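Below are two complexes that have chain A in common, paired first with chain B and then with chain C.
So, the complex of A and B:
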């Protein structure tokens, strides 16, 4: 056995693998014809616009402008849902790739997470810009809040998707369980309400849900002091560390299971 | 089964990073720093807590059935006004007044060696704005929407400071509520009062005009006076009638009776008298009938002014009642306490949080580094 490669060399190899896997993911999913990889963010954009229209019609009068409310909330839901959906099929549909020496199970997850996070982020960014230009949304008050909130949400989503993706290699049941859970999650994730609107007992419960903190933080950045936002960024970051650690441990187990197949 | 890279001594040296150094950076250093901070630097903080309720004993009448059912509890806890008080407590105005009266800035500086939690702590500069940020971290006001009891907690480096700030904030909030009350009452009452004054003036003017007219034409009550006159005329008429009858009888029986000329004189006198009296009632010039129009007008005006005054007084009364109903009260449910022992910082808890999270961070980072190391060219 030759000497161990240095860490920077390994990192370079891994980055190349991740880049190749991401490109492969985009091309196999969206193809090269028509608008190709643009679908990556056009699809969530269309969904978000649809939700904006629906909520504008059905929510009636809300305490906050509905367009910004829908963009901040639904973009997070899409990020969350598409990343987990993509990760729970990551190993099953790419088993053959694992014959390459440098393609590891974790790489499959990371590449899919990168693709989904990038797609949702571009969609969120473009839609916000378009809405601001159309006058549907006031220019945000504090961009830093939005940025940190979104990045923390993306990190949390990555850890969470890693958990589900890795767990899905343990049995089919996990994939089936995710479907109802994913829908159940939508009303409680913070996308469809603001904590301040809830009675104080529910507020305390809602603040146990990590994503609520991220969405509240983004909305504090969008509207500034016009809304009372309840969030604790440290709680969200601590949750991120916990889910990421759990996901990494599960992924190691998944790697052993897949290798031994 | 996790394989971590072998200890540095077993490998050919100079590779980066070693788990050993990672462990030192991610776990050992934070743990030692936290231990040192909690053991030697962190200062005790005392927390004084009070609870209050902003309520309105006579809520405005509910307009809907559901609203009526909801408010059938006798008094409404007015949440909106609670939020007003909350906003006031966390305002620069409140802080400025506290600073003026209690020197809170100095109180927050008493943290000793606690470089993290004393004022200005981690703030770059020592200004009113940074004091305001610090203040908002030390004072918390939360309202339970179900019971609408508001909890006010103040944390400071001495028990007396925490207590005094809390007490002072309550007094200031009470003053704010009273101000709101006074303002609301003044607004509702001012209009009703000016209305009443106008009506009073008009009633007085009408009464004076009527009295002056009575004096001028020497009439007290037109109707009764006219009736009196007419009675007089009727009496005269009766006398005239009997005089005429007597005259015609005497003339028929004894035409040369000397009484005849006396009777004739009497009839003529009576006729003249009747004509004069009738002229007083209906004739042109100074008769009662000619005075009636002006008199009627003045009486009517006085009547009208009195009605208006009555209505205005009623409105004033109901406005006073309404203002009374809108009164808000700040009830102290729990008075601020003088804390006996410091309950902040929770040292063991804080230390454990640091240890556990640094361990988790380390585990996460080592797994990530390990997964990178799996790749070889």
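So, the complex of A and C:
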């Protein structure tokens, strides 16, 4: 290879490498036996169905239909949780792959993000369709709201997971810290409540959490004017930009720290 | 061609940074067979990781013209839970090489037969070595990096490896790192000694050999 490669060439290599890493991730995680890569979305679907059942049994009377509430909320929890969990091990378990000149630290993160986001997304949309067909869930009022809300959440997740993944190369402590933080984030991420149900003091606080805006937007799409949703898509998008930039900065530093693992 | 310009590499330790390589300069011309000899802990593997690009230098630059291989027969680059063929498929995807062509070569070279469809974790060390070497040869590189020649497998396998690497690919650049000066003497046309994080150049392999024996 002489001189600087052109942009289309670089892009082709980039996509090829991401494809190879994603395929490798899927095959190593789920194997080739039994249903193999279908687990990618069957597993989150099973978890979400389980949560739907639990919440239906234990929540008693809720202001909104519980199935749609569970599928929107818990799918979002799986989205950020599985993506961050996957990214904090992305470098530690793949340092050997960095011997291949085309594989960069950032590729390790992006490929895992792609796999996890794809799994959660397929699970969410497939399960929603099933719920609607089974009559557990009314057909959504505004599909666009759901789509934009979900995509913004996926973007936020990507940036956030990148931050955690890259930061985990700075010290073992980061990985240890994520376990309790991930736990505590579950009740406040917006999956298990709607802002309107909170006392007004808490409402203001809840609206500082980016993911809350995404779920509220999706739920506005599911029920329309039947619920009062509180969200600002611009706040969520601004958060996406911030975590993505922060993640990229950290990932740049991570490339110089792979040796410490 | 590979050029190492003023490269230093330090690792963080509990007692502060420790320099493994200290302002190293090295130039490897196209087609040169360079041996790097040094004792345990001299920084040989660090040098290999910097040349392959697996790690970044703390300061200085590594310039590569042409493609550089991953360390030859490096087993760490394949995944234990994947089958031999899945590992091959991955390598082919990464380098954009035809899987069908590579498959024919790997089947022929490894003679692993149906074991290629088994997870690598079920392989014996000899089988792993055969697969690792075959994967390294399935992709063509301008420069091959070798971090110690591992003596695994029977003599027939050794002979096959020797023919593939040192005969069929003798026109390529070769960087062979070893603590064994005899290995370097038999395969390289030039040599440097790595000593306390510095590279000491020599005019001939014999001079490097002599120096190394004295300090060892």
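Just so it is clear, the second predicted complex is superposed on the first by the 257 of 261 C-alpha atoms of A that agree within 3 Å, B and C clash if a C-alpha of one lies under 4 Å from a C-alpha of the other, contacts with A are read in each partner's own complex, and residues count from 1 in each chain.
Assume a residue touches a chain if its C-beta (ideal position, glycine included) is under 8 Å from a C-beta of that chain, and two chains touch if they have at least 3 such contacts.
Just so it is clear, the structure is predicted and the values come from calculations on it, not from any experiment.
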First, second, both or neither for A:106, with chain B first and chain C second: first
First, second, both or neither for A:20, with chain B first and chain C second: second
Which superposed partner A:95 touches (first chain B, second chain C, both, neither): second
Partner chain in contact with A:249 - chain B first, chain C second, else both or neither: first
Chain B versus chain C as contact partner of A:5, first or second or both or neither: first
First (chain B), second (chain C), both or neither touched by A:31: second
Touched partner set for A:259, first chain B, second chain C, both or neither: second
Touching both chain C and chain B, counted on chain A across the two superposed complexes: 13, 17, 101-102, 256
Residues on chain A engaged by chain C in the complex (per definition of touch): 1-2, 13, 16-17, 19-20, 23-24, 27-28, 31-32, 95-103, 255-256, 258-260
Chain A-touching residues of chain C, taken from the complex the two chains share: 11-12, 49, 52-56, 58, 64-68, 70-71, 74, 76-77, 79, 81-83, 86, 89-91, 93-96
Contacting residues of chain B [partner chain A, same complex]: 1-2, 5, 11-12, 15-17, 142-146, 357, 360-361, 363-364, 367-369, 371-377
Parts of chain A lying in touch with chain B, wherever the complex brings them together: 3-7, 9-14, 17, 101-102, 104, 106, 199-201, 238, 241-242, 244-245, 248-249, 251-252, 256
